[in-house]
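The structure under discussion is supplied below as structure tokens; questions concerning it will follow.
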Amino acid sequence: MSQAVLKLKKVIVDFSGFKAINQLDFAVQPTSVHFVIGPNGAGKTTLLDVVCGKTKATTGEIKLQERKELSKLTEDQIVHQGISRKFQAPSIFQNLTVIDNLEISMKQKKNLFSMIKAKWTNEQKKKINEMLELVGLKKVQHQQAGSLAHGQKQWLEIAMVLMQEPDIVLLDEPIAGMSKKERNKTGELITKIAKDRAVLIVEHDMDFVKEYADIVSVMHEGQLLFEGSMEEVQKDPTVREVYLGRKVEENVVN
Amino acid sequence: MLSIKGLEAGYEESMVIREIDMDVKENQVICVMGRNGVGKSTLLKTIIGILHPKKGSIHYQSEDITNARSSSRAQKGIGYVPQGREIFPKLTVYENLLIGLEAGNQKKVDEKIYDYFPILKDFAKRNGGDLSGGQQQQLAIARALVSNPSFLLLDEPTEGIQPNIVQEIQDVIVDIKNTSATSMILVEQNLDFVKSVADYLYVIDHGLVVYENPIDQVKDDEVYRYLSV
Amino acid sequence: MQNTIYQKLLSQRVIFSLIFLLLLAAPLFMSDFRLNLLGKFLAFAILAIGLDLLWGYTGVLSLGHGIFFGLGAYCMAMYLKLEATGGKLPDFMAWSGMGELPLIWIPFQFPIIAILLGILIPAIVALFLGYLTFRNRISGVYFTILSQALVLVVVTLFVGSQNLTGGTSGLTNFKTLFGFQVNAASTQTAFYLITVVVLGLVFFACRKLIKGRFGKILVGIRDGENRMRFLGYNPSAYKTFIYTLSAAIAGLAGMLFVLQVGIISPTMIGIIPSIEMVLWVALGGRGTLIGPIIGAVLVNAAKTGFSESYPDIWTYFLGLLFVLVVVFLPKGITGLFEKWSDRRKKQDVSSSVEVEKSYS
Amino acid sequence: ADNAASATDPEEGTETTEESESNEGNDGDTIKVGILHSLSGTMAISETSVQQAELLAIEEINENGGVLGKQLEPVIEDGASDWPTFAEKANKLLQQDEVATIFGGWTSASRKAMLPVVEEHNGLLFYPVQYEGMEDSPNIFYTGAAPNQQIVPAVDWLLENRGDSFFLLGSDYVFPRTANAAIRAQLENEGAELVGEEYTPLGHTDYNTVIAKIRNENPDVIFNTLNGDSNVAFFKQLKDAGITSDDITVLSVSVAEEEIKGIGADVIEGHLTSWNYYQTTDTPENEEFVASYQAEYGEDAVTADPIEAGYFGVYLWAKAVEEAGTTDVDEVREAAKGITFDAPNGTVTIDGDNQHVYKTVRIGEVQSDGMISELWQTEEPVKPDPYLDEYDWASDLSESLAE
Amino acid sequence: MNEIILTLFNGISLGSILLLIALGLAITFGLMNVINMAHGELIMVGAYITYVIQTIFMNYAPPEYFDLYFIISIPVALIVAAGIGMLLEVSLIRHLYKRPLDSLLATWGVGLILQQTARSIFGAPNVGVTSPSFLTGGLEVGSLILPYSRLFILGLSIVCLFSIFYYFYRTASGRRVRAVMQNRQMAECLGVSTRKVDMLTFAIGSGFAGVAGCALTLLGAIGPTIGTSYIIDAFMVVVVGGVGALFGAVSGAFGIGILNTIFEYVTNATLGKVLIFIVIIAFLQWRPSGLVMSRSRSLD
């Protein structure tokens, strides 16, 4: 296996005494669809939080490509390092239209002065149109994002993340509230984008995980409980006990 | 118990649900499915009174509540679990539950709530806003249950919840159904889950009911056809 | 959709140009006194534009813009004062026992420098405060109240150091600028026309700024500052920039004010004027650039009108005006026009959300 | 009526400019005069009653046939406790309404704001309040006390009767600071001791700390040049701190009967003031004045020095106009020289040299009923000396000020 | 030594005054997020109420009962101010919860109207209130005199503080208030009558402004513009303490009070104000959201 794009060493996140993440070692391989599952409160979202800089690790180190120490950087600097993240609850710009949302998300110089003189390039226009097609928001491109349905918002936010052309994509429950059809669409999209970047996904939908995961990490009480393929995960007794429960066991059996 | 006639509602000029008729009987679990953005949440929001219908009527226990305030609907025994949790972030978990009691007439949180969702006891003193997504979802459900509502509106209650707890929620719903006369309208994306709890299924598309059947007559492929058009 | 936007720009262009021409023609049909008043209102309007950039588009409410207005005004006034005393020490310095001209007054003997400083000093003060506050993500109401405290302090300082600022009385009794009699009718008309031109320039410059991608980023910061960070932006820099820019514009307005009113004093830069400035923007309609201009002129015209007609009870009417506008014109006066043309319906929908965000 | 003119109506603007420039305000059968005081904002607490007094005078004059056989028509404007507004309104009165004269102002700041306006348009301003001096604009008549008619004699009297260690307390603006500059020079010249000097922002409300400092210095006299609200806070808190007029005498130059009502007589009882007029001043004119003032504005309305100065200011102007036979400013100014009038405080005379008035100086003590009883007065009206030229200890001051 | 004690006492005293005028604001502004610019005018109402009741006593009550007027004024001021607040909420604020900044503008207008109303009723000049005899003079401690009026205000502010705290954090009604302020819509859906809660809360906040006004008659002028001289300080206290944090307001008030007094003592009133501002800026560098920070996971 090639060397990891992202490596966490002995990371602890402590919320006034409560360790949401506890001595976690964790690695993400390039161009892989890497799922993180685990009980509610296991620390999955917090894991994404420390990687993207929203929460600062109490101790431990987070290294990008073995070199860059992330925990020192601010959120926006981390983004420019090539890490983009989608939040658990859709967070988009209600008062901007769908297309505006994508426009400000897209990869470009984002410092003050290059922004003042920012101009549309045809290539940018093209990119955004492709993206609109891809996530099927073409029809609503001029609608206020605030007026989209929950599912549509999810798609928009995924699109915003992709517009940044990151090396590592962090998705927190991207298919929450999506119907079967859209789940599959999302899944295909993820496989597609994972061809040239790493995708780290937090998800609870086992069928979905099973279908698209290259590798699955199971978190429990802030630590890594198990790592491997979905089959291995489902066979693991502790994972079943703390997380999966009976139904999934059944369809593992048959 | 709850009967909706010719309901039309939406946001400003945009009509989202049109001509919805629905009848929910005592102790019946109705399930609503539909693709994203067809108006499921809007329907529930209109029933609880966040949105006010442009047309049509809502009767609850043969009383017209079409124009009643949400609070009075809640007082009449309608419980609501919104999509996206809507926890009170700076109230502790316990206080969140106490607010849930406002609708009912009992004064303290029933122990069986903690049996359903143990973490709520462990985290009683933590701020609701600090909970994880799934924990918040559990809190939202518990908050609706504490007042023993006679009618429950559940908007995708299993969203973001770990599988084994999803099963528990499933059990909870069944349990409530068996132990009380409570009726429910349940918005859900997972057909298996629906079949295991519901009595009757509606599929909505573009704000209209396009398919309805008692659950035992529901054919998966028919449903999926509507869900994927 | 595209072409409705186009239509809108078209129609707006026409309206703006008409207003602009009308203003330029005003000297032909207005008495010196009224023209002078209008000129004062337009100076306020310039400030209102900057305030709208900050509040309407970036969601940062400053209740302290009187200070920047004042700094600009004082810079200009200091030069005029030195001109008037013709090299001798200004009277108030003498009373407060100053020997010779204090250092900070030296540069203001030169008009060009004074004018430059009139824009630079407010900008620098804003840059400093903005940097310190925004960098630490002090935002929303915290910033607002801080900006108000700034007013309190600067005013106290200005009043307290009478030997440098003329204290409560401020600076007045000017004579000449570039050799012209500042109070002469012809000079005043010239000042008026300059004000109109500056107003036009500032307006179209700001408009260009916010119509582009930059404007959308500002809205993004207004509605979801933290989210913007995860898109790779550093909101603090943007906020500081806009704050500084609006301060500079305020300074510019202040200078034009002094030239036409002939006096600047702490009462003009204090808490109350600072709040009124926000009222102009709100009344005209924030986040529209043109609204604040209308607001500034109308509010002040109303003030003058009320106080001239009912000098003893006019504040009733002013108060009532604010209440009624807020209740019945949530989007300000420009909101009215929008209602007529429901092009921008969607924005009305979410305007509530936007204000919520910018404050919760 | 004229007031009702809308602010934004251009037509109305043009008309007024077409009117003849000479003989200001003297059109048809009425003469317009401007009244410009703060009717709103912090200064309204003091200025409204001065305005009332001026309106009373105008009413009386009109009843007696007006001026030059014409009725006076007051045009009232609100200075709103905001100096630029004073300038704007003065402009409006002179350019728009073309009034024959303006009666107005209280704080020196407001006067300084109006000064360039009246000079630019060669108008007239009658300013009714004691002030710091160092000014004599040809377009302003100063009917309040110059420093040598209030402050200087007060200091002398205190040195003679109350002791020679002084504590100077004032609001932080031009009047107190300039007044105290003079007092410092005077004390030094008298070899008296200045133990402290404190300034608080206008509207300051907490005097605990100042009082603590006073307690430490324990002076014989506090010379108080606080203006407005602050006086109430200061005196109440001084009393609470257990300091009475027996321990330390406070002499105030901006506290008159009107202010005492707000402070509470019980609080300030026994402390001193220096003015040219008190409600208790014993002249037939005053009896009349107080009577008609209270008839107009209520039994418990009180009169005070600035009120009286506003009142007789109107009469002085009226006499000058009659003398000149026109309202033309230059001619009125000429005619005004040496004009006298039997004012409630005694006979006042306009000093042609500086357009101030001769006034009698009176030191008084506050009584339990809120009235001020006279302790001492000058035998005759004192010649106004705004630049304190008569006092060589003030020479440095006035020299540096000759503008 | 004495100086130090006295300065400290004066600081605490100033702090208690700041606290008293800020408490109401800590509710309407801190909890409800309504920027009520008319708060100062509600203080004014309290002050004039005291004046009116005093006048009534002067004219109709037997002299020996005169002092009672003050005891009676406090609850009356509370009720009247609360009533006006309630009126304000129902007629105006209620429609502006979604637009907190607009409430700033509207209440500013209301403030102007209230001021002018006071001027029309009581006249522009200040009115006088005679302190009750039991609050004149002071407690002698060694060579110092601690004015009874100051001690009284200190006590009053503490009583108000604790009653407010108890109400909001220990009673069901208070819990309802906090819930509504955090998510009005959801609270409504759970059966809380947000209208009642809003009205009640705003009334309470306004009521305490009235009490403050009543107390202020012991210290300073009573005129139409009394409110404007206190309002900004009140906002500062709330912000330094941390919006929505009651105990923050306490620390804010006493912090500012004591520092201000010390600064003023060693320099002068003007410089004192300036130094305070610098300290506050510096302080917020260290604690960007006030003394009592309240973290939240949500993005915005």
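Residue numbering begins at 1 within each chain, and the chains themselves are lettered A, B, C, D and E in the order written.
Quick note on the criterion: contacts are C-beta pairs under 8 Å (C-beta built on N, C-alpha and C of every residue); 3 or more make two chains touch, one makes a residue touch a chain.
Here's who's who by UniProt: A = Urea ABC transporter ATP-binding protein UrtD; B = Urea ABC transporter ATP-binding subunit UrtE; C = Urea ABC transporter permease subunit UrtC; E = Urea ABC transporter permease subunit UrtB.
As the structure is a prediction and not an experimental result, all values here were calculated from the model.
> Could you find the chain whose CA centre sits the greatest distance from that of chain C?
Relative to chain C, the chain with the farthest C-alpha centre is B.
> Among the chains, which is located farthest from chain E on the basis of C-alpha centroids?
A
> If you average the CA atoms of chain B and of chain C, how far apart do the two points sit, in angstrom?
Distance between chain centres, rounded to whole Å: 51 Å.
> Could you give the separation in Å between the centres of chain A and chain E, each centre being the mean of its C-alpha atoms?
48
> Distance from the CA centroid of chain D to that of chain E, rounded to the nearest Å?
So the centroids are 36 Å from each other.
> So how far apart, in whole Å, are chain A and chain C when each is placed at the average of its C-alpha atoms?
Their C-alpha centroids are separated by 44 Å.
> Of all the residues in chain E, which ones touch at least 2 other chains?
Answer for chain E, listing residues that touch two or more other chains: 115-116, 228, 268, 270, 273, 298-300.
> Of all the residues in chain A, which ones touch at least 2 other chains?
87, 89, 91, 147
> Which positions in chain B are in touch with at least two other chains?
11, 130
> What part of chain C is in contact with chain A in the complex they form?
My answer: residues 1, 209, 212-214, 216-217, 219-220, 223-224, 226-234, 237-238, 241, 346-347, 349-351, 353-354, 357.
> Can you check the complex and tell me which residues of chain C touch chain E?
Interface residues on the chain C side: 61, 129, 132-133, 136-138, 141-142, 145-146, 148-150, 152-153, 156-157, 159-160, 223-227, 271-272, 275, 278-279, 282-283, 313, 315-316, 318-323, 325-327, 330, 352-353, 355-360.
> Of all residues in chain B, which touch chain A in the complex?
11, 14, 33-38, 41, 83-84, 119, 130-135, 137-138, 156, 159-167, 189, 191, 224, 227-228
> Which residues, counting only chain A, touch chain C once they are in their complex?
Touching chain C: residues 52, 54, 74-76, 79-80, 84-85, 87, 91-96, 100, 103-105, 110-112, 115-116, 118, 142-144, 146-147, 160, 164 of chain A.
> Under the definition above, what is the set of chain A residues touching chain B in their complex?
Counting only chain A, the residues touching chain B are 15, 38-42, 44-45, 88-89, 147-152, 172-173, 176-182, 204, 206, 243-248.
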